[in-house]
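Naming follows writing order (A, B, C and D), and every chain is counted from residue 1.
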Amino acid sequence: MKLAFLGLGAMGQAVAANLLKAGHQVSAWNRTATAGDALAAQGARIAANPADACADADVLFSMFADDPSLRAVLIESGLLATLREPLVHVNLATISVVLADELAALHAATGVAYLSAPVVGRPHVAAAAALQILAAGPAAALDRVQPLLDVIGKKTWRLGDRASQANVMKLAVNFMLVSAIETMGEAAALVDAHGVSPSTLIELVSSSIFPGPVYQGYGSNIAEQRYEPAGFKARLGLKDVRLILAAAESESVPLPIASLVRDSLLDALAHGDGDKDWSVLAQGALRRAGRVPG
Amino acid sequence: MKLAFLGLGAMGQAVAANLLKAGHQVSAWNRTATAGDALAAQGARIAANPADACADADVLFSMFADDPSLRAVLIESGLLATLREPLVHVNLATISVVLADELAALHAATGVAYLSAPVVGRPHVAAAAALQILAAGPAAALDRVQPLLDVIGKKTWRLGDRASQANVMKLAVNFMLVSAIETMGEAAALVDAHGVSPSTLIELVSSSIFPGPVYQGYGSNIAEQRYEPAGFKARLGLKDVRLILAAAESESVPLPIASLVRDSLLDALAHGDGDKDWSVLAQGALRRAGRVPG
Amino acid sequence: MKLAFLGLGAMGQAVAANLLKAGHQVSAWNRTATAGDALAAQGARIAANPADACADADVLFSMFADDPSLRAVLIESGLLATLREPLVHVNLATISVVLADELAALHAATGVAYLSAPVVGRPHVAAAAALQILAAGPAAALDRVQPLLDVIGKKTWRLGDRASQANVMKLAVNFMLVSAIETMGEAAALVDAHGVSPSTLIELVSSSIFPGPVYQGYGSNIAEQRYEPAGFKARLGLKDVRLILAAAESESVPLPIASLVRDSLLDALAHGDGDKDWSVLAQGALRRAGRVPG
Amino acid sequence: MKLAFLGLGAMGQAVAANLLKAGHQVSAWNRTATAGDALAAQGARIAANPADACADADVLFSMFADDPSLRAVLIESGLLATLREPLVHVNLATISVVLADELAALHAATGVAYLSAPVVGRPHVAAAAALQILAAGPAAALDRVQPLLDVIGKKTWRLGDRASQANVMKLAVNFMLVSAIETMGEAAALVDAHGVSPSTLIELVSSSIFPGPVYQGYGSNIAEQRYEPAGFKARLGLKDVRLILAAAESESVPLPIASLVRDSLLDALAHGDGDKDWSVLAQGALRRAGRVPG
């Protein structure tokens, strides 16, 4: 199939590479052109601009860093208004529920099908085509792109006819993730204050009742107090928590743990840690307990 | 070896049975005598009272439900003052840091070695001899009982010379556990409010980034809104959170998530859910979001 | 002086009436025209539209309910671009810090001076010309309008050259106010659970260490569990808390009490109390303690 | 009347002095004898021990710093068992609800009437005989001592037949007080971050919607960042919050603001501020926002 791919961050590049490997034609674009170099070497065509990338495409994939980027490229540029059936737009990014609903309405007006399909997994998982894909939107469109999703992920979860339902699910997953980080940080402060090494706690839980990549990966950052280079920056974590709280607020759902984590992230930013990995939340827990200097 | 075993709840019975299977002589006692019936059938001697159970024992295991029970049987009864070297006391229960420190001091005065060895795992894990054992106290005593610990658990973690360090570790693990439950509950309320089934969320996370018994076990309670019979009662969960907060307070460690969970547990008790499984925390999150009736 | 007055809610009407009484010419406009009837009877000219109201005005007062209303009337309509020196715009409303900064920049581009001057006090205080006026913006413009502010308030606080500083101050005051309400609610639940009447608590504190309108006014709502008619709706309270949290977030300031109150307000909305007075927060505290039905 | 007075801290001395001035015979005792010197100069008899102080007394006043002190002097010493009708015991201290209930039961067994009568007001208020007295216990006993209470306070609030109801009320008042402090601290961080002086905020609110001693007194500490000498130490504040949370927990009342303040006080203690005035909570709010060094 002919595919357009907009947004070539670490995740986007890994996903697009798998689509190329599967034999599809990929016309890619990124705001910073150099991000496409590796992909070009793998056979992608690098488009001059988003509209160029979308010309002739059967399916458009997008994967931008945040709402404003997607909004700028797709809506404010006028691109969306030029798209036509039978194009299907598959948006892989973590965006707000509000924007997903807005996109669904705008696409419906043009006849182009819109699917939200945010993914769970970090770049190395994407490269291994082992992502969990959280998909929602019109079932017929989803059926059409399912073979493509099978190429980039391990499993596709169909979450409903309303595209934003996939985004809610992704936000819920990220909420659970950041709560686990904050909790590890507080637990680390507790044992550290009693002369037990946080690394022993992390080793214990991640090898017994809390296996899996979250407790192991972020846990080892915390055990080693090593927060750079950032896998996911605290600053972006705060953005995600903002989306989580907004999704909850729109339906009058109190999320006290998300509120608490938001304050911890602000504490991190106030201490200059915004560009460190968001597991730096643990540093704040240690700092508030007087275990590390301010 | 000759072993005394005091406290035959579901956990105690499973552990004592494994000691019997390994060929040790076990003299057991429980406040309610009938709790020893099954164990007697497996070859244990049921003692008339705690002192009787301890007579001639090489090692004393204790596993009571809470601090006051242990305090009553061991200290207030006068039993501890009658114990003599070379007896080693291995306390498998989750007790407070304060009581662990007090016990260490009282035992030191008698010459009897005291080890805190709380375990991670539920009764079926204990029955399978697959517990994680968190041990702390004098190394020589720990060396002596290690063969016994190998019979009842999968792995023994040596956490320090101060017995209470094992209790701090256990409390940190329980803190992480109850935080995961509260978080699942809030996440369930979020997706439910957007028309996505909490059971899909639980299935997704527990089959991907959050594998393991906590998210699977408590998660399925939450997915099915089934909180009885209780694996671990909310009322006992509140007791544990109290111990967690006390351990943190003694070293001036703020634990905002533990504070928040404490309030959620009180909300549960105020709504008559004290004897339900502590995963009923999720019901409170749904109730505060107006998703289930008050 | 010739004055334009846009936005005739309960507060706006009371303020405009005082300007009329002081002998100024007031040309007033409100989205719903009938809101101007009483004012017309007092001598105001009711303008056909905002631009009409502003024609010939020396000073423009605005007092809209929220950011979007002000944004629609002033910016999106194109009105702002038509305003000219030496007009001074005095915005009395509680708006976001972001919008205040944006307005300051937009006005600077036209040469029209912009002052933020949100007020503390409810309609009866406004009617008595006893408002506290929190003012910020260019000093020369503030000097010019000071005689007008003296007519509508008891005291003008000059808070800085940057208009948004007045808005931050107003938000800080509202934060303290809503925290006092939440606190009274929790305290009421505590004493009620021990068989002491919340009304006695309110009477005690408001006649001793917590005098003043907040503890007396909202306190009596709580004492009587009477939340209608609303002095200030929970729904609007949530909007204010959103502005408070946004102002804090822009400078990386954690505000855990504001986060907590936000969750309590969402709980209120989820229980159908969005249009009741925001002192209905107390009802949530009682409900979570099982003291009133869900 | 013949009065015994046990516990001569700053508050106790001020109260006892007023009883002396009113013409009563006061036999006083304090653990540290020198605390009675000033009182002796005013005519008090300094007793050799608590039992000596109580001999012949019609009314026993006690005012100790905390539960353990009262428990040691009154219960563990055996003193209480020796007291006889028609003595009335008036306990002016802030104690736990549990201890108040226990004291009521122990006194009932001896026939001596027990009244809880904690007070609201600081030493200078006590000296001016302007305390608010929160009284509960048997009405007949309260009637008998009312003339004495009139000598030391401005108003006596009768809160019920169960002595501990007065203690609950006192704890609720202290909860409101510490919440106001934490709130001022957070609000100070907010305005400070936007370049507005916290002292202006404090001046504004305490001269308008938040008059009274709490916002003025603790507010000026915060405005000046001056936390020594301590009017009431953070360490004692934490003790009070512990009593507040315990009183709430016994009746399953969530108090999220008290939980939050507890964590803030622990943060203060972890940063070496335990002996500073509890308004030092504001310093923590500024520190977490990166406004003051760690």
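General observations
The rule we apply is simple: contacts are C-beta pairs under 8 Å (C-beta built on N, C-alpha and C of every residue); 3 or more make two chains touch, one makes a residue touch a chain.
Only a predicted model underlies this, so the values are computations on that prediction, with no experimental measurement involved.
Taking the definition of touch as given, a chain qualifies here only if it contacts subunit C and subunit D alike; those chains are A, B. With every chain reduced to the mean of its CA atoms, the largest distance from subunit D is reached by A. The pairing of subunit B with subunit C is characterised as same-residue: of all residue numbers used at this interface, over half are used by both copies.
Each chain gets a centre from the mean of its Cα atoms; for subunit B and subunit C, those two points are 53 Å apart. If each chain is reduced to the centroid of its CA atoms, subunit A and subunit C end up 38 Å from each other. For subunit A, the set of residues that touch two or more other chains comprises 248, 252-256, 260, 263-264, 266-267, 270, 288-291. Looking at the complex, you find that subunit B touches subunit A at residues 97, 120, 132, 134, 155, 157, 159-160, 162, 164-165, 168-169, 171-173, 175-177, 179-180, 182-184, 186-187, 189-191, 193-196, 200-201, 204-205, 208-214, 244, 247-248, 251-258, 260, 264, 285, 288-291. Partner subunit B is touched in their complex by these residues of subunit D: 238, 248-249, 252-256, 259-260, 262-264, 266-267, 269-270. Remark: subunit C residues 256, 263, 266-267, 270-272, 287-291, 293-294 touch subunit B in the complex.
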